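Here it is, the structure in full.
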Amino acid sequence: MNDEVLKMSSVVKRFAQHEVLRDVSLTLHRHEVVCLIGASGSGKSTLLRCANLLETIDGGDIELFGQSLLDPRVDPDLVRRHMGTVFQSFNLFPHLSVLENIALGPVRALKRPADEVREEAMTLLARIGLQDRASEFPDRLSGGQQQRVAIVRSLAMRPSLLLLDEVTSALDPTLVGEVLDLLTDLAKSGTTMLIATHEMNFARDVSHQVAFLDNGVLIEKGPPDQVFERPRHDATRVFLGRVR
Amino acid sequence: MSSETDAAVPDAPPRLFAPRRRLLFKGRNGLAASLASSAALVAVILAILFATSGGQSFRFYFFNPHFLWIALRGNPLKAVGSVLGGIVTNIWIFLLCEVLVLLFGLIIAWVRVTTTPLLVPFRLLATVYADIFRGIPFVLVIYIVGYGLPQLSLGALSNQSPAVYGCIALTLTYSAYVSEVYRAGLHSVPHGQILAARSLGLTQYATMRRVVLPQAVRTVIPPLLNDFISLQKDTALVSLIGVVETSRAAQIGQETYFNGSFLTMSALLFLAMTIPMTRFTDHLIDKDREKRLAGAQ
Amino acid sequence: MRHVRLMLAGILSASTFAVVSTTGAVAHAATNPSLATCKTLITSQEYAKGKLTVATDSPGYTPWFVNNKPSNGRGYESAVVYAIAAKLGVASSNVKWVVEPFDSSYVPGHKKFDFDINEISYTADRAKAVTFSVSYYDVNQSIVSLKTNPIVHHHTPAELKTYLYGDQIGTTGLSYIDKYIKPTRAPRVYSTLADAVLALQTKQIDAVVIDTPSGQYMATSQVVNAKQQAIGAQVGQFPTVGEHYGLLFQKGNPLVTCVNVAINSLTSSGQLKALQTKWLGIYNSVPTIKP
C-alpha cells in the first residue's frame, strides 16, 4: 500500500462567483506534518474544510488512501471518522463534560463500548495532564486547556490524519505555548497532520513540508528551510517579510 | 504638546457632586422614597375599593365571601357546578395537550430544518401549517375543529367528546408556536457545534440528537414555559364547544346568583396554577442570565 | 242647634270623605294610572326622552322577529312592542331598537334602554336583579331533536333521562333540563343558541330544550342538513310550569307601571291573543309529553 494518506489534485472551490481555491494540489504522506501558511482569506481554512468534505469542491479530486472521495457512493460520515479536525474556536460541546466530549465520537459514531472508551479517554486526558478535570464542563477550563481537549477529542477517534485550522489564533499569547507543545509531541510520535497556522516558528520547527497559499493559489511548497530561507517566489518573500 | 495637556487641566477643581434633588433619593433616603411610593399605591387601591360607593358594589359583586364559598363547593340543587371541580377538566386537558404540543411542535420544527430529500415536500407543508395556525385566532380554530370535525363524518375522529376536540384544537394551534420556538432554539446553536460534531463523523441524526437538540432545548425552556402557561389559560375556551370547565361553571354560577364572585374564584384557581410556573420560568431565565454573564473565561 | 251640629257633621264627613277619596284616587291613579295619564307620565320616565328605547338580542329569531329586523313590526315580540307603543301614545317612528346580549340582560346594573324584550322568562332570582312587567306570553318548553334520533319515538319520562341534552347558558330551557328532566348525563352548555343548534346538527347532542314557538321554527327551518333540507323534529312540548315572558326593566324603573297598564289593556281587549294567534298559532298542534 502506498504512502499517500491524503491527495488533493487541482482542487477548485467557488463561493458564488468568487474563486477561493484555484487548482490547488497537495499530497500528505503517512507520518508527515505539512503546514499551510498564508494571509487570512488565502483559502487555508477552505482547503481543510474541503478535505473533510464539509465543503464540496467544484473541480479537481480528493483521494483518501487512494480512494476518490468524489465517488457518489462515498459516505461523508465514514470519511470524516478517519480525519480528526480541530477548529480555531475549539467547538467543545458545552452541555457535556470534558470526558463526555471526548467519548461522544467513539461511542456514538464508532459504536464502541462505553467503558472501554471512557478508560481510553482518561488516558488521553492524563497525557495532557487534565485527568482531574474530566467531569467538569468546558467553560470552566482556560482557552489553552479547552483547545488541548479538542485535540484529544479528535485523537480519540484514532484518525489517520489530523486537520488543524489555526488552532492557536484565538488564544491568549500565554496559552499558545501549551498547545504548540502538544502538537510538537504529536508530530514527534508520527501523527500525520495538515496544519494551517500563523505561527511561523512552530511551522519551521515541526513541519516536514510548508505550503504557501496566496489568494487561493498554492504558490510554493517545500521543506521549511527552503521556503523560509530561500523562497522561490516574490509573493512568498513579500508575505514572509510582513510576518517576521 | 505640553500646552495642549495643560489646557486640559482646569484652573478650579471641577464640579463632581450630583444635583441636590438626586441626592435626596440616594441611600437611606432612597429606601424611604420607595417605601413611601409603595404605601401611596396601596393606599390608592384601598381607597378605591373601600372608600368609594362604586368600590362597595365592586366588592359585593366580585369579592363576596358567601358566593366565593358557594363557587368552591357548588350547589347541586341549583345545578351550579363547583368551580373547583370544573378546573379538574382544565387540568387534564392541559396536561395531555402540553405533552402532545411538545412532541408535535418538535416534529414540525425538525421537518422545517431538515435537509433530507425525503422530507422536502413536507417542509412546505409544515411552513404553511405554521403560518395558518399562528394566524387564526384560537377562538375560531376551536369552533371550526369542535363543530367541523363531527360534521365531516370521519369515523372515530368524528365521534369524540368536545373535550377531545378542544385538545386537538389546542394542539394544532400551540404546536405552530412551539415549532417556531424550537426552530429559533435550533438556529441559536452555534454553527461550529455542528461542524465539530460532523467532523467527528457523527451522522446528521446523531448530531441533532446528541449535540444540537440538547443545547437548543436548554435555550428554549423559558419561552416554552411561557407558551405552556398560555395554554393553561386557553383551556377555558373549550367551553365554547360545550364543555363545562371551570370558567363556564363560574359563568353558570354568575347567571344563577347574579354575583361575579364565581368568576373571581375561577380566576384565583387559574392563578394558583399559573403563578408557580411564571415564578419558576423567571427563576430559570435569571439563572441562565447569571451563567452567561459569569461563565466565559 | 241639633240642626247646626248635623250640618257641621255632614260638612266634616263630606269633606273628609272628599279628601280621603281624592287622595285614594290619586294613590290609585299612581299605582293604576289610566292610559291617558300614562301618555304624559312616561315622557318623564323614558331613557331617551320622547323615544321608547327597546332592547333585544341579535340575531332575533322567528317567530319573535322576522328577518332579524325588529323595526319591521313583524314577529310576535316586534308586534307586541308596537302595540304597547300605540297604547302609550308613542308613534312607531319614535320606537328605537338597540342590541343587548341575552345573558347580560338580566344582570344587575344600569340599563341603557327602557325595556328589553327577548323571550326572557320571569324567575324569582332574576327579579332580584331587575324588574319584570306582567306576562305577555305564557311559556311551554319543548324538545327539539333530529328526525333520525330515537327520542322522536322513545320519550317516556324514564327514557328522557337517558339522552344527552345541550342548551344555551342562562336559559330557562337549561334549568328545565336540570330541574324537571334530570338526565343521567350532565347537559352540555353553550355560549349561544346557535352553538347548541350546531351541536344538534353535528349529532354531538341528542336534543335541545326551548320554548315551543322557537322550537317549532328551529325544527322546521333552522336545523338543516347539507342540502338545506329540514332535518329537525319538535318531539313534543311539556306542560306549563307557570313560566311566562315579561319585559325586562332596570330594577325600580317606574316606567313598568305604565307599560303594565298597556299590556293589561291589550290582554283585556283581546289584542294580545290575536297577535299570538297570528304569529304563534302553530304551536297548538305540538303534542304534549311529560318530563
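Order of writing sets the chain letters: A, B and C. Residues in each chain are counted from 1.
Here is the rule we go by: a residue touches a chain if its C-beta (ideal position, glycine included) is under 8 Å from a C-beta of that chain, and two chains touch if they have at least 3 such contacts.
Quick caveat: nothing in here was measured; it's all calculated off a predicted structure.
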item: Chain centroid nearest the full-protein CA centroid; value: B
item: Leader among chain pairs (count of C-beta contacts); value: A-B
item: Chain whose Cα centroid lies at the greatest distance from that of subunit A; value: C
item: Subunit B-subunit C separation of Cα centroids, rounded to whole Å; value: 44
item: Length of the line joining the C-alpha centres of subunit A and subunit B, rounded to whole Å; value: 47
item: Distance between chain centroids, defined by C-alpha means - subunit A, subunit C (Å); value: 89
item: Subunit B residues within the subunit C interface of the complex; value: 79, 81, 147, 150-151, 162, 239-244, 248, 251-252, 254-258
item: Residue ranges of subunit B touching subunit A (in the complex, touch as defined); value: 190, 192-193, 195-203, 206, 210-211, 214-215, 218, 295-297
item: Subunit A residues touching subunit B - in the complex, by the definition given at the top; value: 52, 54, 76-81, 83-85, 87, 89, 91-95, 104-105, 108-110, 139-143, 150, 153-154, 157
item: Partner subunit B, residues of subunit C touching it in the complex; value: 103, 106-108, 125-126, 128-129, 166, 169-170, 174-175, 178-179, 186, 188-191, 195, 198-199, 201-205
